[in-house]
Amino acid sequence: MDVLFGRIPSRHDVDASLPAVLRLLDAHGLDRALLGSLRGGLFDARTGNDELLATSDPRLVPVGTVDLRDALTAEPELDRLAGAGVRLLRLFCAEQGAEPDFPGLRHVAALAAERGMTVLTSGDVRRFWRPFAGRSASVCFLDVHAYHLADFVLLARDEPGFVASARLLNAPDSIERVVAEVGARHLAYGSGLPRSDVTPSALRFRLADLTPGEWDQVGHGTAEGWLT
Amino acid sequence: MIIDVHAHAGPWFFAMDVGDPGLGETLMRRYGIDAAIVSASEAVTYDAVSGNRWFADVLDRWPADGPRLYGYVTVNPTDLRAAEADLERYLPGGRFLGVKIHTTYPAQGLGSTAMRDALRLVAAAGVPALVHTWGADVWALVDVLAAEPSLRLVAGHMGGPAWREGVAAAARCDRLYLEPCCSITDRGKVRFALDRVPTGQLLFGTDATLIDPAVSLGVVADAGLDARERELMLWRNAAELFGIAVPRP
Amino acid sequence: MDVLFGRIPSRHDVDASLPAVLRLLDAHGLDRALLGSLRGGLFDARTGNDELLATSDPRLVPVGTVDLRDALTAEPELDRLAGAGVRLLRLFCAEQGAEPDFPGLRHVAALAAERGMTVLTSGDVRRFWRPFAGRSASVCFLDVHAYHLADFVLLARDEPGFVASARLLNAPDSIERVVAEVGARHLAYGSGLPRSDVTPSALRFRLADLTPGEWDQVGHGTAEGWLT
Amino acid sequence: MIIDVHAHAGPWFFAMDVGDPGLGETLMRRYGIDAAIVSASEAVTYDAVSGNRWFADVLDRWPADGPRLYGYVTVNPTDLRAAEADLERYLPGGRFLGVKIHTTYPAQGLGSTAMRDALRLVAAAGVPALVHTWGADVWALVDVLAAEPSLRLVAGHMGGPAWREGVAAAARCDRLYLEPCCSITDRGKVRFALDRVPTGQLLFGTDATLIDPAVSLGVVADAGLDARERELMLWRNAAELFGIAVPRP
């Protein structure tokens, strides 16, 4: 549920084009992906969303975006995305230099919650929980690191809609500990393609000491819940 | 006569609607800017190849009776193979006069290995480069210039908040030019530069259409240039550095 | 409304004395100035305010200050300023290293709001709105940058007393956009003398695509409102 | 055959329960790691002397039929007298094969005087050192290596976020080895290194038990190593650098 396509300005040695991303999904046995646009996050939200909405592949679920530095345009753009059937919103808090208290981010968090959209966001969960808390928001924090596990678990106890990506929960007991503390519905697997290597997170997740039901929930159940 | 060596075209991700190349033409006419050397915002912030291509198309459609428009080939230091191809593609046409290199979006600082490799490529191409400088690491350019005796660099923003270091660095190498545009206009910084660096190394830039040209023109107005300084800084230095034809004196 | 006098420790090449500042006001056709003390902001609030109160020029309106690093002395100093007829308070958040959550800043923001004083403050509006929000405060943010326009507009929608300085609203459409979104009463022209060059902001403002009424409001109407 | 040159033992202050040396054995067996060179978390983060002593005791109790376990003598650059004593105490036994030096906890950067003095001590001891590198100051190691011709250093994390500079630095000195483990797995960075640095300078490390070995093994898997690269990076380079006996070919 954490896949992007486009270009990576700092990594032109990495092919991040849509065909390359589709090949990598296949190569790693990933059946479906929630897909966002790097163009939308790093350059221009509107044409990035255009590019995204133009994709058509049964494996892909589009994740729109708005620019946190131009939150005045967020409302019409969210309505346009909703009109195209998009239920998911990717925010690039870290990449766009938004801090948790910036009015633009707070505004977008409120708009997304009002519309019942699920937000997928980058950024340190210890700081970026704030604009989303207390709104019954559905939010997946993509960069939750093993080192920050305790902070996430404490948040998840109060926020039924807060989910962590399993990608960086990479200590020997992190995935298992989150599931034991707050349940598998607070966890979802995301590969971080094309910016991250896939096998590290995929191998760790495949070897996780979970029940088959928990494994299915993290592997696809949590993300499917955002789409229904 | 005014030549703007630091201009942009295309949209930005801030709350401003400045993406239309026609706005650049409007601003040039409003402020009497006769020629501008422009890089595409897309090329700087996201995708050098597609941004350069987009701007080449802007150049093709530019009105023949409009102010003169030239381009920078934007180079991403993390992709020198694409940079080499773009330099070969665009420089020979005569509408692209130099190279633009940013540091933020490629995440490569002025002292990075990738930046040194990119500037070596620029030296080989034989054109000047406008480099985004924003901090005391502007000094790294002096090292690169020492290693590449044919290279000519323009310190865009003159070091930004570290403009005193930009000035000191330019005083050390006559192939380091200063372009002081900045949306924050610390008082007197252009005069500070003129008093310490040969006038032949000062250039004029606006950052338009991201920033209104009123800012840089206002800074120059407040610097109290004499006639010779005005001629050199506002256009003659740029014309010589980039090989832009100007009316005979 | 954004003028200071005194000395600039990092810029001894700049003459920031009162006579020099008055000459610059004349030279740039600025009729009146809200004047604060650099000594007060950078060294000693009390003697800086003394120096300020000793000025007497019909073009100048005094703007007092208190030190955010010594907020215990703020209450008597504000009373002293009020006794001298001062209605405006300049805060040097950025220069004094105050962060939005620092108790000293919050205390001063509360004291100023209780007394109905207008605050003029430096600092990134995306961060420094917080201590002033929800208090019906009258605050002019002096460093609102074109890049942060959306954040300011979102704030101004909820806070009738929030005003941006036009000085750094320097994209080709920034001044016009703020006026269109929230009205000219949320904008005021300030030169930033003697630390900033005047012509950049003055030229941009003079060429702004506003009605004469809007232009007057930004040029002096908003600031006059703080004095009545 | 896999040799892990960057492993830890002991508890960490994060929300994880990884302090039992038995976990290290479990992970080595699960992932087929034949040998590991380990530093004590206590020695790295808090007290080098007591941490080294604790790990010497772990080595003494290690099951004879378990995977092979070796130690780093952790050196705190701010206490070289204690470091000298620990090197004399532990190196002769043959179970401690090198030195581990961190920068964060001793608050001494790679370019600091204390770090240079510590690395001079390491050179005198005649063993390699695994140095925590996390930023472009990895270049400081090239200077130190030039000054100490017998010194061999391993750049742990390959510079971390500045891995491009780690790679460039290693390309400049054949006694600077790269160990690229990192919990954040920027795509393709091992391939980036292999394409620029002689394969003989690449090593494999996991950061276990702090990080699950799945991460580093996954990174290597995604780098698409050929048979020779795999042999050199996964164990042969480490065996030669640290003098670890391996089966005859």
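Here the chain labels run A, B, C and D in written order, and each chain numbers its own residues starting at 1.
What we mean here is this: a contact is a pair of C-beta atoms (placed from the backbone, for glycine too) under 8 Å apart; a residue touches a chain by one contact, two chains touch by 3 or more.
As the structure is a computational prediction, the values presented were derived from the model and not from experiment.
Enquirer: What is the touch distance from chain A to chain D, in steps?
Expert: Step count on the best path from chain A to chain D: 1.
Enquirer: Compute the centre of every chain as the mean of its C-alpha atoms, then state which one is farthest from the centre of chain D.
Expert: Farthest by centroid: C.
Enquirer: Report which of B-C and A-B is connected by more C-beta pairs in contact.
Expert: Most C-beta pairs in contact, of the two: B-C.
Enquirer: Can you give the whole-Å distance between the Cα centres of chain C and chain D?
Expert: 55
Enquirer: Once you find the CA centre of chain B and the CA centre of chain C, what distance in Å lies between them?
Expert: So the centre of chain B lies 33 Å away from the centre of chain C.
Enquirer: Provide the C-alpha centroid distance between chain A and chain C, rounded to the nearest whole angstrom.
Expert: 41
Enquirer: For chain A versus chain B, what separation do you get between their C-alpha means, in angstrom?
Expert: 37
Enquirer: Which residue numbers or ranges of chain B touch two or more of the other chains?
Expert: Within chain B, residues 14-16, 108 contact more than one other chain.
Enquirer: Enumerate the residues of chain C that touch no fewer than two other chains.
Expert: 147, 150, 153
Enquirer: Hey, which chains are touching each other here?
Expert: So the chains that touch one another pair up as A-B, A-C, A-D, B-C, B-D.
Enquirer: Which residues of chain B touch chain A once you look at their complex with the stated criterion?
Expert: Interface residues on the chain B side: 11, 13-16, 41-42, 45-48, 50, 76, 78-79, 82, 105-108.
Enquirer: In the complex formed with chain D, which residues of chain A make contact?
Expert: 11, 13-14, 145-147, 149-150, 153, 168, 170-174, 177, 192-204, 207
Enquirer: Which stretch or stretches of chain D touch chain B in the complex?
Expert: Answer in residue numbers: 136, 164-165, 168.
Enquirer: Looking at the complex, which residues from chain D come into contact with chain A?
Expert: For this pair, the touching residues of chain D are 14-18, 23, 27, 30, 183-188, 192, 208-212, 214-219, 221-222.
Enquirer: Hey, which residues of chain B end up touching chain D in the complex?
Expert: 108-109, 111-114
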